[in-house]
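You will see two complexes here that share chain A, one where it goes with chain B and one where it goes with chain C.
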Partner chain A sequence: MPPREAPARAGAMRLQVRGLTVRFGGLAALTDVDLDVADGQVVGLIGPNGAGKTTVFNAVSGLVRPAAGAITVAGRPAPRAPSGLARAGVARTLQGLGLFPGLSVLENVEVGALATPDLAARALRALDDLGIADRAALPVGALPYPEQKKVALARALVAEPRLLLLDEPAGGLGAADIAELDAVVRRVAATGCAVLLVEHHVDFVMGLCDRVVVLDFGRVIADGLPDDVRRDPAVTAAYLGIEVSAP
Partner chain B sequence: MDRFVFLLGTGLARGTLFALFALSLVLIWRATRIVNFAAGAMAIVGVYVGVAVTGVTGSYWWGLVATVLAGGLVGLVVERGVLRFASPRSPLSGVILAIGLVIVLQSLLGIAFGQQHEPVPAPFSDRPLRVGGVPLLSPYDVFVVVVALGLMAVLRLLFVRTTLGLQLRAAAFAPEVARLLGVRVARMRTVGWVLAAAAASLAALLAVPKELGLNPHAADMLFVYAFTVAVVGGLDSPGGALLAGLTVGVVMSLVTGYLGATLAPVAVLALLVVVLLMRPSGLFAQAEARRA
Partner chain C sequence: MSARRTLLLAVGGLVLAIGLTFLLDPYRNYQLAIAAAYLCATAGLTVLVGLSGQLSLGHAALMAAGGYGYALTSQALTTAGVGGLPRFLAATVAAAVAAGVLGLLLGLAGARLHGPYLAGLTLTLVVAVPAAAASVGALQGDRGIRTQFEGVPGPLRTLIALEQWQAWVALAVAAVAVTGLVLVRDGRTGLRMRAVRDDEVAAALAGIAPARVKVLAFVVSSVTAGLGGAVLTFVTQSVSPGAYTVSLSLLLLVAVVVGGLGSLLGAALGAVLLVLLPWLVGTLTDALPLPSQVTQRLDGTLALLIFGLLLILLVAGAPGGLAGALTTARARRRARRRPPAPGPTAARPVPTGGDDPTGPAARPGPVGPTATRPGEPVRTPTEG
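Right after this comes the complex of A and B.
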């Protein structure tokens, strides 16, 4: 996999997180987290289990109320409720699948772009972009897991978001599917969409992302280019036992 | 044989009413995971309004429209005013609120209108038509079947063909995910209750002329049978409600005709027990939906 070119034409700042602090009861899930994602940029958010990666997503999505800090999307305060996300041009996938079990593949994708005209045609195009248009009429539960992952991705892409939040997009996928996912994310970023992804698969993150942010115990312990982050001793310590190999 | 055909016909006619009422229970179950034990009492409120409107205007049809509208309004008020506050963590909370609602609604109706059975005339003749000497359905039975199946078809189109229907289903299957995608889940819940309550009111209006008449408890047995139908069909399955409704209607009709009316409720409950023993999630439950 060739390294992504550094975003020569890095666009305007799409997502800006400043001093984000989230507490669950007495437990600080996130402490003073700063994070930036520019248009066309792919940023990876990594860290050991329980580091607070998904909590960042939930705060950006309006699912959890921060105790302190500011989150802006394209310069405006992030929606305080998830229902405002789509209007703000934000789409996210969920850890696991988060599909609608009783709906067909096409219908699952349609829910991702409710406000747009030509819903069905648009959803079909999104499926076609990921090569699963022929599955459109099937009940979503009938698909194998990697294809269900694609449905979830198509549902996030169908609204043509300006900021895409991917929660463990490579989870449970094999090497071939991950390579395909890598190509899709590059394609999406090339259209100017800002991408923030949470992922355990370190090789995938290091190969794909322009920048990598490492969380540990709710704090940012590293933020930089993949190669720099990889060599950071604090990161190695946090990942003790997890080998960070060269791609 | 003539007798069998007649019983089959009336059973199917009755079954469509059970199916329509059961569909109301299924819609609410899917949207909120609450078995609406107040469905009968709520529906009867709509029927009282409809009968009053018929009394004032002299037109059955205005009364029918008023029943549906009033039923929907009752659904709106009940969802917004009462059941929205049911705890999502405890399935019993919604059930207990609904049972409390039954007591309140039936008491209020009793205070306002009394407990006596008020006859409600059917808009069409209730005498069976004879086809080749064999008594078949009455014109009123035909009317009931057409209206009930028609409404079910309209609801199906709404759910399958429209964006509103897609949102209703998405919100029912995975509310948290739907909310993230911009679906107004609370509003969808309200819409579901309004549709369900309107359908149940219409079913009750259609059923009343075939029963003793209108009183605050007039839909109680309809609710019991519809509940059986919904469980037999699988609480998640609108198609199951239709098929199970027809089955229960025919079983009741045949048992009444051949063994006596007193045995009919027993037969229906026996059917429920057998289904629950063999397929606890109902005959037509979608395994997928259940995991939602």
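Right after this comes the complex of A and C.
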């Protein structure tokens, strides 16, 4: 995939995480994590299973309370309850999709736009942007998995967020769907939206992201350009489970 | 459905129902009034359970709160010399407020409790409220409170009987309650409720405050239940603890499930069944050549038995309830009448027959009966 063009204007800092520490009982899920995402930037958060990627999302979303550290969105402290996120211009998708099975496709997307007028028109436009407007009236459970993922994405995009958190957006998708997703994320970032994504699909992340942050055992072990991160021996070691001595 | 269309439908429906009362004898009109009272409660309950996903076994207690609110206000106003329509309206509003406050308390607790625990709490309430009412002196114990007789207003007195007048009032209150619920269901609040019912975390991430939505659902549902209690008190001219028992609570829930959970049409069917079934069974046992001892023993219990049986049969055979079964039947009939290959391909002759990949099977057409999963209420945009 071609490298993404740098955003037209160097954006202001949208998400800033400093010294984030989260503990579950005695277990330190995250230790002293720093993370920045600027407007128009796409940042990938990768790491082996259990590294704490989704916990970063949950802390930013207000779903878990940090033991220490500061999270700011556009310079202001992140909302403490998840329901305040939307108002702060943050939208998030869930790993388990988090769709509402009793609602139609259109209604699922409308839920993301409840704070705006002309609900149905907006939701339909968001579905149309992802090419599934003709599915609007169907119950969401009737859609194949890749289209259900699009519905979840449409619900996040319909609110026109300034910060988009995508939890494994490529998980379970085929090559064609991933290429399509790549284009959508580029389009969203081009409007100035900051994107942070957690992903296992390394090629997708390396091709799409401006910066990649690697977590291992709850600590940031690398943060930089995709190519630099790919060559980082600590990253290779984390993925392959090899001990390396510090340079 | 737009709000304007809903209001027009409500007015039209009310006029139609009032017209119906001219065809009924006084006893049937009395039954219609009672059914309208139950409808206020079942409609609120179906919104609470079907839309917000919270189970209440305590709606009889909320009706009782409405009934007592109505009776006490009516009594106080009578003493103060207020009568007629102002007294009725003030007492009805008081009933809605009394039930709404009780529902708010329940809802606040309910936002922290889930499923069986919430059901348990509401069950305690329906046991406690009549017992408490029976022991409070101001509520006149087991005997309850008799309310002022509200007769037919002057100009109508020569035209209609008391029972028909009561049916009119009951239908008007039920129309207000159901219209309010339709507006909530079709509006953003209804969408919030259904989102919270399906996935609280995802709803919260979309900017919805789940606890607030759940409490609101309880308050809305309680207010309409309170209106039902007011109507029941108005029609029977009394309110007493014995009228709002656990079994009424359970019957309301059974009526909602039999009618079709989440469907207001189903709530109406359920309310009518609540009134008609005991009467039908009573008529049947009277007609059968049974010894009077047996008839006496069957009286009341047989209707409950049949209600339970109906519940089991419907849950097994038509999980969408009566309203769901109607919708499914209508959709099947429409599907049978539809030409095999609609759309642009139907215009040109296809000599090879129905082998067209763009036919109804390949395209996401109108949602048919297959789109409804078992255990899920069938909702139609046209019902009300």
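Definition applied: the second predicted complex is superposed on the first by the 237 of 247 C-alpha atoms of A that agree within 3 Å, B and C clash if a C-alpha of one lies under 4 Å from a C-alpha of the other, contacts with A are read in each partner's own complex, and residues count from 1 in each chain.
Keep in mind that, in the parts below, a contact is a pair of C-beta atoms (placed from the backbone, for glycine too) under 8 Å apart; a residue touches a chain by one contact, two chains touch by 3 or more.
Keep in mind that this is a model prediction, so the values were computed, not measured.
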**Q.** chain A as common anchor, with chain B and chain C clashing or fitting
**A.** clash
Q: Considering only the touch criterion stated at the top, classify A:85 as touching first (chain B), second (chain C), both, or neither.
A: both
Q.
Is A:138 touching anything from chain B or chain C once the two structures are fitted on A? First, second, both or neither.
A. second
Q. Can A:98 be said to touch chain B (first), chain C (second), both, or neither?
A. both
Q: Give one of first, second, both or neither to describe whether A:31 is in contact with chain B, with chain C, with both, or with none.
A: neither
**Q.** Contact breadth on chain A, by residue count: chain C or chain B
**A.** C
Q: Answer with first, second, both or neither: which of chain B and chain C does A:55 touch in the superposed model?
A: neither
Q: Would you check which partner chain A:155 touches, where first means chain B only, second means chain C only, and both and neither mean what they say?
A: both
Q) Looking at chain A, which of its residues have contacts with both chain B and chain C? A) 61, 63, 82-87, 92, 94, 98-103, 107, 110-112, 114-115, 119, 139, 141, 155
Q: Spell out the part of chain B that touches chain A in their complex, as residue ranges.
A: 163, 166-167, 169-170, 172-174, 177-184, 236, 286, 288-289, 291-292
Q: Within their complex, state which residues of chain A touch chain C.
A: 61, 63, 81-87, 91-92, 94, 98-103, 107, 110-112, 114-115, 119, 134-135, 137-139, 141-142, 155, 159
Q: Could you please specify the touching residues of chain A with respect to chain B in the complex?
A: 61, 63, 82-87, 92, 94, 98-103, 107, 110-112, 114-115, 119, 139, 141, 155
Q: Sort out for me which residues of chain C touch chain A in the complex.
A: 188, 191-192, 194-195, 197-199, 201-210, 364, 366-367, 371, 373, 376
